[in-house]
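Just so it is clear, A, B, C, D, E and F label the chains in written order, and each chain counts residues from 1 on its own.
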Amino acid sequence: MNSEFLLLLILLPFTGSIIAALLPTNARNTEAWLSGGIMLIALSITIYLYPSIAEGEILRHEIAWLPEHDLNFTLRMDGFAWMFSMLVTGIGFLVVLYARYYMSPEDPVPRFFSFLLAFAGAMQGIVISGNLILLAIFWELTSIFSFLLIGYWHHNAAARDGARMSFIITGTGGLCLLAGLILIGYITGSYDLDQVLASGDTIRDHTLYIPVLLLILLGALTKSAQFPFHFWLPNAMAAPTPVSAYLHSATMVKAGVFLLTRLWPVLSGTNEWFLLLGFAGMSSLLLSAYFAIFQQDLKGLLAYSTISHLGLITTLLSFGSPLAAVAAIFHMLNHATFKASLFMAAGIIDHEAGTRDMRKLSGLFSYMPITATLAMVASAAMAGVPLLNGFLSKEMFFSETLGQHSDSVLDSILPYAATIAGAFSVTYSIRFIHTVFFGPKPTELPREPHEPPHWMRRPIEFLVLACLVIGIIPGMTIGPYLHTAVTSVLGDYTPLYSLAVWHGINIPLIMSTTALTGGALLYLILKNYLAHSEDGTPGVRQFKGQRFFERSLVVLSWRWARWMEETFGTQRLQPQIFLVVLISFIMGSWPFLATESTTHLALTTETADFTFAVLWGIGIACALGAAYQAKYHRLAALILMGGAGLVTCVTFVWFSAPDLAATQLLVEIVTTVLILLGLRWLPQRLEQIDNATTLIAHTRRIRDFTLAICCGGAMALLAYTIMTSDKLTETIADFFLKHAYPEGGGNNVVNVILVDFRGFDTFGEITVLGIVALTVYALLRRFRPAPDSMEIPEQQRIQNEFDECHPERQVGETIQDYLMVPTVLMQWIFPFIILLAIYFFLRGHDLPGGGFAAGIILAIGLLLQYLASGTRWIESHLRILPLHWIRLGLLLAALTGMGAWLFGFPFLTSYSTHLEIPLLGTIPIATALFFDLGVLLLVVGATALMLVALAHQSIRSHRIQASESAKTEEER
Amino acid sequence: MSTTILLGAITVAQIILVIAMIFATIPMLRGPHAQDRILGLDTLYSNAMLLMLVFGLRTSNVLYFEIALIIGALGFVSTVALAKFLMRGEVIE
Amino acid sequence: MNQVTNLPLWATLLIAAFLIIGAILTLIGSFGLYHLRSFYDRIHTSTLGTSWGTAAIVIASIVYFSITESELVLHPFLIGAFIIFIAPVALILLSRAALYRDRAANNPEVPSLKLPANTTTTQSAETQLTADSKKAADT
Amino acid sequence: MELILSLGIGVLVGSGIWLILRPRTYQIIIGLGLLSYAVNLFIFGVGRLTIGQPPVTQANTQIDPAAYADPVPQALILTAIVIGFATTALFLVVLLASRGLTGTDHVDGEEPDR
Amino acid sequence: MSKLFPYPLLILSLVITWLLLTSFSLGQFLLSMPIAFVASWGLVALKPARPRFRRWYLLPKLFAIVFYDIVRSNIAVAIIILHGGKRVGRSRFMTIPLELRDPIGLACLAIIITSTPGTAWIDYNSSHNVLLLHIFDLVDEAGWLSLIKNRYEYLLREIFE
Amino acid sequence: MMLAPEHLVIAPILLPLVTGALQLFFDDRGRTLKATLSILSTIVLLIISILLIRFTYSDDHTSGGGVVVYLLGNWPPPFAINLVLDHLSAMMLVLTATLALPALIFSLGRWHRAGAHFHTLFQLLLMGLNGAFLTGDLFNLFVFFEVMLAASYGLVLHGSGLLRVKAGLHYIAINLVGSLLFLIGVALIYGVTGTLNMADLALKIPQISASHATLLESGIAILSVAFLIKAGMWPLSFWLPATYAAAPAPSAAVFAIMSKVGIYVLLRLSLLFFGNNPDFSNGLGAQILVYGGLATISFGTVGVLASQTLGRFTSYSVLISSGTLLTSIGLVQTEVTAGALFYLISSTLAISALFMLIELMERGQNVAASVLAVTMEAFGYEDEETEDEEIVGVAIPRTIAVLGTCFAACALLLIGLPPLSGFIAKFVILSALFSPDLIDQLTAPSTASWWFMALLILSGLATLIAMVRSGIHTFWAPPVEATLPRVLFIEILPITALVGATLVLTIQAGPVMRFMEATAISLHAPQPYIEGVLHTPPTTLPASTESTE
């Protein structure tokens, strides 16, 4: 029953977040009421759940999500989770209250509260998820929402940079964490937390322990801002102060140590764990405490102190002893209380004084005595002054550092380092208080400071009270709760510990005293320096983590990436084609090289026919010639390509493929004309001008030439092998040959295949043709020729000028004379070509021919008329609407195919019969004929559309040119 | 007897025609002017057409006539287009 | 491969003769194309193939198929007819284009334009404008 | 026969590949033309070569599939020819458009640095 | 009738062509009619000048002459080529003034001249009605002139004008 | 019409075709009508696809266990062409329609006016895609590839312009070469097997004679190069970023699935041809896929980081997605395949949405500015505006808020961050790679698996860096008012719809994954497919059916 409340704990904040996002911009109070209410409800739920938790019960709530992959929406709450849940909701409530007064009325608060609630939900999710993957999900969600919260004031560059940096670092950590958790799942066979917690030994003994540990530490340390990933936290201080108070004291950064504690039972206790974690924790503890002293920004100081305190917790966890773990858990709690209150205090100071720069702030005590007092108590807790909660956990820490953990240098320097760090923390705490509240009255403040609204102070008051109460009577206040938390983590290993304030005079106490006096002395020494120094730690001031991060990000993600992109990629076409060809060559010939069996290359010359050989001699010469001429003599290359095409066509005839030969020939004619039409728009290419042969170009040519020869050779071999290999006994062709006439109703098997057996191919093929025609049309509508080919061709200019020079001639007469006789002939041929098309169309089913050939013939007939009479003349006489043909063709083909549905047959089922018509005899009629008619219509339309669209460019460019020259004349 | 004569004649005719095709190809390759190349292509086309007619005789199959017919009726189109390109600089005005 | 059916001897001889004649005429024509130097000479030679070269082979096939199919197969005749009517178109267009190009290239072989009237302007415009047009030769 | 045809295919492929590796769009279009001849012939060769046996059957006779050339590759080539024609036409127009917009006929739309 | 079939001769030749392509049977003949009609549309749409055959009975004569000339010049040209084509200066251009102006007549002349080896139609100048020919073996300029003028042009003018 | 429901199988091909053809009857003035027609047709297409996916669920339609075979021309298999609907193809159909509808709606904002025949080309692209997914014939696949490519050429060039034409030229050139390779491959396969039907091939390939085996391998190798070009495997993929980035937004949005066609075919054919061959997973082919895929992910990662514009960035994401899928296919494990299928859907939806979104984002700013944003950072020009100490936030206009949310969603999807399906997809692949079941077999995860995991995470990281970079510059860099783009509701709607679809995918991850697993199992054990195809009888005349009964 209680377990369903767990779901509520998650759902409430997220629902609230959505509602908050939808509220109007100025609904500051509503937002605050909503968020506060939600936090309060969640807090009450948590409190309500305590009795069952205290009995050691573990609440579970499970919803199946992806059970196959063991990813379920499992919620689980034990004592430790409960404690964190209290922090999340309790401090969350206080922060909302504080934020209500902190945020300016002009701020678009819906976004703020929405993100804040969502963040709270995500944090709550981390705390109570019972499935490792679910935990990772919430983990990343906290990164995302913290990014959004830090970047809340995104008009501020610092906020953007800080947000980005925190997101990139914690996000990366999260991805690593996910990998680590998946590996844990791999090792333990489950992602379920309970199951994982039960298999600690399996994990520690596994070969993958080190990678798992590294990945999980990466996740946790980045999140908790531990050295060397600490630098994002100070930059995240660009966030609004409530965000800092919530995220950077109590929740977000705590997630890392939370996870470490959660997995402490299964991961800790090894040497690697101690060394890695201890190093990171110690470095953070010491360095950040030192850095904190030199910060001039209040929040910067607090940020570094946070890193330092988290370092303390990390160090404690690294020890692997149960007592240290207790101390760690205790310190998490304590740190949350005093740090949150300090952040809020800093926010108040900032709010009231208008600056957070400690060089400008001083003597504020007289303006805001209550706030000052509160801040003083909180910082005393931070410094570890007795009778405050900070002292207790720090004392535990000191005593733990004395223990023996592993045989290493780290171990022996631990107590000293801890003491020094303690001294530093005293120094920065004193500095915080002394600089801000004491000393002369401030002079350069933007506004007159005074006490904040008292509801804004309430959260601080509450937290400071907590510090005091816990610090004075720990056993009665926090004791039982801490115990619940500790036992849930440590289980049977829970040690005996005491939360007493006074343990007698022992080494930890001496260490504490040393730290307190040392810290105070250090402050006295540094005081004057600090009052005017630059922001940042001397010596490493130049070395800013942020700058380093940005630089390395730029280098890594930009310079190197660009370099790699250029090195391993290309934008040029030639290398791309080269690679494609090369790879196909390698892949295609690999099987031959890999197998031992050499393919029999029995050169049988006896069947070689002299005529055929000579024919291909011609073909080869043409192909080589075309390859040679294509650069400088385009027309020659085109002509030679025609020659090669002709040889191909003859080859088709030779080997019994009349249909192919006809189609090949017709297509070749149209292609030639098309290319000729295009040739006019290409630039002049002159051998003498750009025949530059650099060494690189030369090498490239040799390389290409080699590849071309290799591929040619390979293809020749491949072709020879397959042509001479045994003929298959059984192919689908047999079926076609046998059924073409009886069932397809046609004798020309190729045509029956095209319109019936594999009519669907033809269907697709004509669609391609149609699409291309449309594209060509669309493209040419926007066509603009290059300036140097815009003018009318030179020939026409000369001929027109000639006509102009002779008064008895009219302009254009040369061309008229030129075309007069051919035009007459071509016009008279036209009906015969139409006849030929009809002939080829009608006989296609039985003899070579068919819709495609007929269509092209018709298109060529039209083309001839264009050639003879010119576009304008033809279009004034003959209205052909190519688009009309295309759509009719497509529809006719489709409808013919669909006709079969009427009879309950699949698409394209054909029906053929032989009609007895008087006088005409039997005439084969097949529905495929209509399909073929569709093909014909489309082919005519598409071919004509392409040719005509291209031909129209000449007229258009003349027109453009004319209008432009007219324009220039007007300007004169 | 007559078969041998006929076959011989056909073979000879084929060889002669294909040699004629070689002669037609040479101007295509050699030039020197575009018009020479075009003329070569035109001749190559008509030679190929004749070759196909003869091939039809050889296989005694009427089917190949259609190819010859297409070359005969439409093969000139490329030549016409090429010629007009030379004369006017563009094919369709 | 040998699908040639038996024919009467006279027909065989007739067919063979026509075939050889046609082929040889074509060969001569193509040889001329290769051999002759001037484009205008070449034009004449290519006509050999398209006139009697074609005609002879067409006749041969008409005879052959008329006998084998035992009906008058005039089908190939159409090829001849098309060739007769169409070959001129290509040649006329091509030779005029060649003339233009030769004039533009100042080829001394071709006659410059002589027009009976206004001889003063016959400083032929076509030849006049050739200086910059040389580059257009042989695209 | 097979040898000659294979050589022919090889040379067509070689020339075609040489051309498509060249920098000028026109060379590419000619190269693609040659390559498509080669590929068509290759597909054709896959059906094995037969002389004088076009796949045109006689009506109402018993059909021996071995007596005819394989019609399937022929049908495939017909489709391939049409598609090849269409795409060549498109490529041509695109190269013209590229030439018009960039002013050069280099495949990359800009003259390489010399 | 003449609107529907403006070119009866065309229809006729289309029908004949169809029959040649297919077979001479009644069925094909019937089929050829609509097909020829459809095909003739192509020309009708272009509206070229209708040929007027005034003395069509002269056509056979023309055919015969041309046939004979083609055979003759075939032989002549073939011989010249086989001799190596060494005829310095004998292949030349010549201009011929014409009187024939009918386009179809000119087309016929062009066909005749071009189909005949040895003569080539190079250029025609409409403003002066002058024909530029190229003669392969030009020995006797006057002879060629009269050949064209009297043998062909005269007949063509008779037929078409 | 007793076979009416059966004919539904061909509807995804015919419907777009007929729509496209009908649209040609109206000229540009009838654009509204065309648009209406397009939308209606695409909606119907979506409904049909969903019906079809239900077909594959219920087994009572055919004997083939969820395999529905459509015999075109009513010829008995395997001779003629047939369409095969199974889990995978049905899924791809639904995905296509799901992408098409938003893209189409988006185009109504402005793109469909940018040139002629947009709607027709769009519909025909759908026809090509659907045909490629449905066909069961190798050569017919070529034809539909060409339909798809031809339409895509048109759509890339739609609107013309220097950038598009330049990219289009490369795209077309590469794909023409690819098509030739396709033909060579198909020819070789036909030459040694004598069949073109995929199911029949699956039967014939194991029985092939030794002398033909090398030829077959060579043919398959060449064929797969053609598919790898389309799938965008490095180093055959350089055309892809330029093309996709240059394509108009709605076109690019549909293109998101085009690279997946190559993947689809590889998946289908490799498992169909070699699924029964236990050596396949260790063979060279699988290795090429795995390592090629890894290389592709790496290259995509590099490209994502190096991109100056969002368009290129998204295109490189396509490569990452392709690489991930290729590797997954190459690993030949049922579980991984299932995860990969989930990933396929998720990443395709995300990329599609992003392509549309970036168009809207870039509409507000001039592109030069966003280029500058990156370079500015690269060359260390710091923003000199830290003086801005005002502690008042800036209200975000609603448009920006919606765009920003969508952008964030796309980012999460592509990076693989929770809570959207991108995370689930990556998780599912990874958890399948490191499946706990492997422990029992005592087989350590292969080296490839480790690399795969590392690259998956690295690519996510790179995407994160790049997306945060551009997202911040677009949405957060001041002043917001100046960059407020004019965006129509119908342009935002499709993007949100796609993002919503991924949300559904996330919540319904369980059922979806079960479907994917069923699909993966059927792919890895293709016997039902083969039998389903080969044993489908042609329809007999209704009359004769009665007589036989």
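Rule of thumb we're sticking to: contacts are C-beta pairs under 8 Å (C-beta built on N, C-alpha and C of every residue); 3 or more make two chains touch, one makes a residue touch a chain.
Please read these numbers as outputs of a predicted model, since none were measured by experiment.
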Check every other chain and keep only those touching both chain B and chain E; list them.
A, C
Most central chain, Cα average position
F
Which chain is most remote from chain C in terms of Cα centres?
A
Measuring centre to centre with C-alpha atoms, which chain is farthest from chain B?
A
How big is the gap, in whole Å, between where the Cα atoms of chain B centre and where those of chain F centre?
49
Geometric centre distance via CA averages, chain E-chain A, whole Å
73
Rounded to a whole Å, what is the gap between the Cα centroids of chain A and chain C?
66
How many angstrom lie between the centres of chain B and chain C, each centre taken as the mean Cα position?
10
Among the residues of chain D, which are close enough to touch at least two other chains?
20, 25, 42, 46-47, 51-52, 54, 56, 72, 76, 79, 83-84, 86-88, 90, 94-95, 97, 101-102, 107-108
Where in chain B do residues touch two or more of the other chains?
14, 19, 21-22, 31, 34, 38, 40, 58-59, 61, 63, 69, 73, 80, 82, 84, 86-87, 89
In chain F, what residues contact two or more other chains?
139, 143, 146, 150, 153, 157, 160, 169-170, 173, 177, 184, 188, 190-191, 196
Interfacial residue positions of chain C with respect to chain E in the complex:
25, 28-29, 31-32, 35-36, 38, 40-41, 43-45, 47-48, 50-52, 71-72, 74-75, 77-78, 84-85, 87-88, 91-92, 95-96, 99, 110-111, 114-117
Contact residues on chain A for chain B in the complex?
610-611, 614-615, 617-618, 621-622, 625, 635-636, 638-640, 642-643, 646, 649-650, 653-654, 658, 661-662, 665-666, 668-669, 672-673, 676-677, 679-680, 792-796, 799, 815, 818, 822, 826, 829, 832-833, 836, 840, 847-849, 857, 860, 863-864, 866-867, 870-871, 947, 951, 954-955
So in the complex, the part of chain B that touches chain C is made up of which residues?
1-3, 5-10, 12-14, 16-17, 19-24, 26-27, 31-36, 38-40, 42-43, 46-47, 49-50, 53-54, 56-62, 65, 68-69, 72-73, 76, 79-80, 82-84, 86-87, 89
If we count contacts the way the header does, which residues on chain A are in touch with chain E in the complex?
806, 808-809, 813, 816-818, 820-821, 824-825, 827-828, 830-836, 838-839, 861, 865, 869, 877-878, 917, 919-921
Which of the residues in chain B come into contact with chain D in the complex?
58-59, 61, 63
